[in-house]
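Take a look at the structures below.
In the two complexes that follow, chain A is the common piece, with chain B as its partner first and chain C second.
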Partner chain A sequence: MAKPGSAALAGDRLLAYTTLAPSAFLLLLLSGVPTITVFVTATQSVSTGDSSGPFVGLDNFLWAIREPMFLTALWNTFVWVFGSVVIEMLLGLGLALLLNQSFKLRGAARAVILAPYLIPTVVAVLTWRYMLHDIVGILNVILLDLHIISHPLLWLNSPSLAMFTVIMVGVWKFFPFAVIAILGILQSIPQEQYEAARIDGASSFQQFWRITMPYILPVFLLTMLLRTIWTFHKFDIIYLMTGGGPLDATTTLPVLVYLKAFDDFEFGRAAAVALLTFAILAVLLAIYFVLIRKAEARQ
Partner chain B sequence: MAHVEVRQVSKIFADHTAVSNVSLTTADGEFVVLLGPSGCGKTTLLRMIAGLELPTYGDVFIGDRRVTRLQPKDRNVAMVFQNYALYPHLSVYENIAFPLRVRGANNKLTDEKVKWAAELVGLTRLLKRKPRQMSGGERQRTALARSLVRDPQVFLLDEPLSNLDAKLRHSAREELRQFQDRVGVTSLYVTHDQVEAMGLGDRIVVMEAGSVRQIGTPEEIYLDPADTFVATFIGSPPMNLVAMGDITLGFRPEDLLPKAHFADTAAITQVTLNINRVEYLGGDRLLYGRVLGNFPDTAVVARLPSTVQYAPQLGVDLAFAVANPALRRFDTATGKALPRTVEAIGRKAAHG
Partner chain C sequence: MTVAVEGVGTPPRNREIADIHFIGSRILIYLSTLLAVSIIGFPLLWMLICSFKPSDELYAVPPDFLPRQWTLQNYSDLFLQTNFPTYFANSLIVAGGATLLSLAVGGLGAYSLSRFRFFGMAAFADAVLVSYMLPEVLIVLPLYIYVVKLGLADTLIALIISNTAFTLPLTLWFMRAYFNAIPASLEESAMVEGCTRLKAMMRVTVPLALPGIVSVGVFTFNQAWNEYLFALIFISSERNKTLPLGLANWIGRDTIYSWGMLLAGAVMVTIPVIVFYLLVQRRLIVGLAEGGAKGD
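Here is the complex of A and B:
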């Protein structure tokens, strides 16, 4: 029993599917196929430039969790993500609070702060590598002249310093994102809330903890979530700065995937590491989402 | 409790003068309304009393203490904002408790005070709610309760009823006045709504363009406006003004009545009225027309109570009159009110 208008409805459906089909096809081709391929490759032993090899089940995964290199990369990833995100968020919060005050040239200051975010990564990294060079780099020259250090520091060539250096460059490149996000929410806080609090007797510190922080918390956490995802799978900065070295000191999971695949041509193992990376990230995201839900429920 | 005194206060912003040489003293426990059109400086004056703005000139006293340069928190004033400024992430309970929490009051005292204040404004059942889960009236009462818990010496209220719909505003006004009578704290209340001002104020301060035009009880302001601005700002419809050379005559619409309505012996001033429109408002009829005859042709309004038996004819010259005691006189050039004496009117008439 056809309801009145169901023919027209079916026609609408057809039109919808027809117009959606090209996009769906592209999405499947560009995202679906590679994803499935990774799953398939991860169960195969591929150790040449070939695209497939014999089926080995979970061997690649078992290899990964026993491989010291993988555990090193996992640890490096946590250091890289934790260090970058914590510093970026604190710096972002501080600068956003500062830029939210009214002062001369505030507009100019806001524009300047954005600059690192807009510079292409390759340009930024090459410039930094030059500035960080142990002999001719400007940083060592200045620190030596000021007698802060007594001998040139190997910023990128010392295993104990390299991760710190890469984190600092990453922070420099990406903290503007946190500034902009936090500044946006700061500007939406009604001024009367602070005026009411001043009359009610709240100090500047109490105004910050009891009004500003609760107000910006959901945006703060969301920004932190995004920065965590993006930092977790960041590849270009690290690889261009150090290539994962020295002595694996800056080999994070995405760098390891690249090295396994394109240095060692072990595509099966690379795929397994990529999937493990994905799984770890998924767990982190789940935790974050719970936190954000809680923060938003408090609003 | 304390009185508030504002002494020759001015506030000059970069591009304009918001408040210009205002002086004002309230009695202990008095309810004073600052009334004026938007941009007249009434809110700026209130914010200077609160300590949110620093006066450019002049001083503010609360009690006998000069507070001009004190921080808001050191003035022991409470303020209710137009949009209530509740803290969105806190429950009603925590909103009311806020002034006590930031002062480090212990939990027992806080709990007692919050429950007392909530009881006073009828919020006891809603303490767990968040501001966004409440109606405008409930938010307004929350803001009121929050301002109460500290036992302030002065209440400052900045258009607290303007975000409520018309019906609610009327009942909230009544509640507010009863509440002030109960707690008896000196209150300064800013509004642009003359009905609110008349209904709430022990005294009204009428402001315009940064200056005080008149301070007085609602009766004084309505019956004896200090100038033509007050005469036309207060009253709806406003006082009729008829310019007669140097002098401007003023009379309220309800004082302009058919001549037949007056006793033969009454001292009246006759007016020829030509009506062009009648508005029926239930309790009253408004007659829109022009005065003619002895007077220069001027648009006026008469308000007839519906209980007065009268069938107005349109477009015809009719005999109306105003009782002489109801006539007010203003200087046409300055707009200032002139002394109210019947003899003065008589003399003027003789000259004319």
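Here is the complex of A and C:
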């Protein structure tokens, strides 16, 4: 590193800022300015396609919190996030523990388990929509064959089942992230700890709760939080599976923003919903930053 | 769970019990892995198999697992009767463009964030993380206004630049970590030998960071290759559609486009992703091994 006060420092400073400038410019253009613009848009009565409209103060926000559709979307978002993240983390933990064992073909098993995370969302949606088809879909055929169900299920067309179905597909697509994150930390646990515990006569169940769980907990929580944030503002998989239907059963907040802006052309109201979504997200982000700082301080 | 070496150090009379326990846990591991792999892998296997079925078999109830008659009809229909090749080319341009832009701009920025500590840079690093976590639906509203105003609606340029809103933070964040792992002392000794800082960076640090650059490039490419919302909102004409947008528009119109063609399309979209990851996997391992051999 450069020494303070030297001529090299001035050169370094110039280099530091010039190499950073293009990134700063693009991020300001694509994230900073847009975020401010949304605030302005949210205080206007503006239709989609126009760049501005009459100032209406907080009317759009007041509309949103009184609008039943918004409350439905809020509740749907909660179900979607909670359902997805809990299942993803449990499944992720289970499979990470499994892949942490050494056995033949482990590499191949890991590749298969990672695959859903790597494929494009549209591919996942296409495949599942074919498998979930009421009549020709393989899922109904298998479940009927096994006598688990007595008549074909309308996976995506029944309001009571659609959210479950979307969560199932979402979990399949995104749980490998949890597997990889947890597997990474599992492999860094010092093996001596287990040997010592075994000499003391601890069962594998006790070893799991006394050594494994405390060791992986910080990473587990951080992964859970990241998944919560990403699941919270996920748009494409839900929209492509159901378009928010049937009867708004899968309309989450991001889907509502899209529908308001590009189906109803109410741009101002869409901006207000987007900002309310962002406000909830900001709380999650704040927790994330606190946890990151703590983790960094511990190292 | 972790019982693999329980036999070690146990008294002889418990030996047999331990062996049974060991074999039991092995069987359990293999069975649960087999179950997990079959359930998780099935949809992709099914997609692949069904893409080779003629259309009457795709609608058969109950369906056969393997095609009675394997056919490439779906693939030839896809390429000859639809705009699939156009979508494919557009996706290559958009994902390639966003990747190059992010690597060029973000690579430099990440180097700066890794090597220097000047005023405002720590705050900027935080801002990068926040911008990566911004909801896409929040950003897309104002971007839509700008795109329309600038006359960039329905252009691939608009898609390349807007994709950068998320691929650039990704690049900055990961590249900074890669640069952090390369000791600054290597550059300093090059500078002692008469290189300028810039030369030292280009000749010493960048070659060492190459595996990192390649893998970040793949992540970035994959993200832009997947991107749907920006395309949905900015693109209106058939000749500018990307793969996710083009394919998504076919779903739900299964009376016009057969599932066979859709599944063949899904397979074709997945291939570049798989190829890229196989490529990176090897590069990553080589990179890690090299780093380990050289030591810190």
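Note that the second predicted complex is superposed on the first by the 262 of 299 C-alpha atoms of A that agree within 3 Å, B and C clash if a C-alpha of one lies under 4 Å from a C-alpha of the other, contacts with A are read in each partner's own complex, and residues count from 1 in each chain.
The rule is simple: a contact is a pair of C-beta atoms (placed from the backbone, for glycine too) under 8 Å apart; a residue touches a chain by one contact, two chains touch by 3 or more.
On a predicted model such as this, the values are computed, not experimentally measured, just so you know.
In the superposition on chain A, the chain among chain B and chain C reaching more residues of chain A is C.
By the touch criterion defined above, A:Ser160 lies against neither chain B nor chain C after alignment on the C-alpha atoms of chain A.
In the superposed model, A:Pro190 lies in contact with chain B only, and not with chain C.
In the superposition on chain A, contact of A:Ala202 is made with chain B only, not with chain C.
In the superposition on chain A, A:Phe103 makes contact with chain C only, while chain B stays out of contact range. When the shared chain is aligned, no partner comes close enough to touch A:Ser150: not chain B, not chain C. According to the touch criterion, the shared surface of chain A, contacted by chain B in one complex and chain C in the other, consists of residues 198-199. Interface residues of chain B, counted against chain A in their complex, comprise 50-52, 71-73, 77-79, 81-83, 85, 87-90, 98-99, 101-103, 130, 146, 150. Chain A contributes residues 190, 192-193, 195-203, 206, 210-211, 214-215, 298-299 to its touches with chain B in the complex. Touching chain A in their complex are the following residues of chain C: 1-4, 6, 9, 26, 29-30, 32-33, 36-37, 40-41, 43-44, 46-47, 50, 58-63, 105-106, 108-113, 115-118, 121, 124, 126-131, 133-139, 141-146, 148-149, 161-162, 164-165, 168-169, 172, 184, 197-198, 222, 225-226, 228-229, 233, 243-244, 247-248, 251, 259, 262-263, 265-266, 269-270, 273-274, 277.
Interface residues of chain A facing chain C in the complex, by the touch rule stated above, are 1, 11-13, 15-17, 19-20, 22-24, 26-27, 30-35, 37-38, 41, 48-49, 51, 95, 97-99, 101-103, 109, 112-113, 115-116, 118-131, 135-136, 138, 141, 145, 172, 194, 198-199, 204-205, 207-208, 212, 229, 232-233, 235-236, 240, 254, 257-258, 261-262, 267, 270-271, 274-275, 277-278, 281, 285, 288-289.
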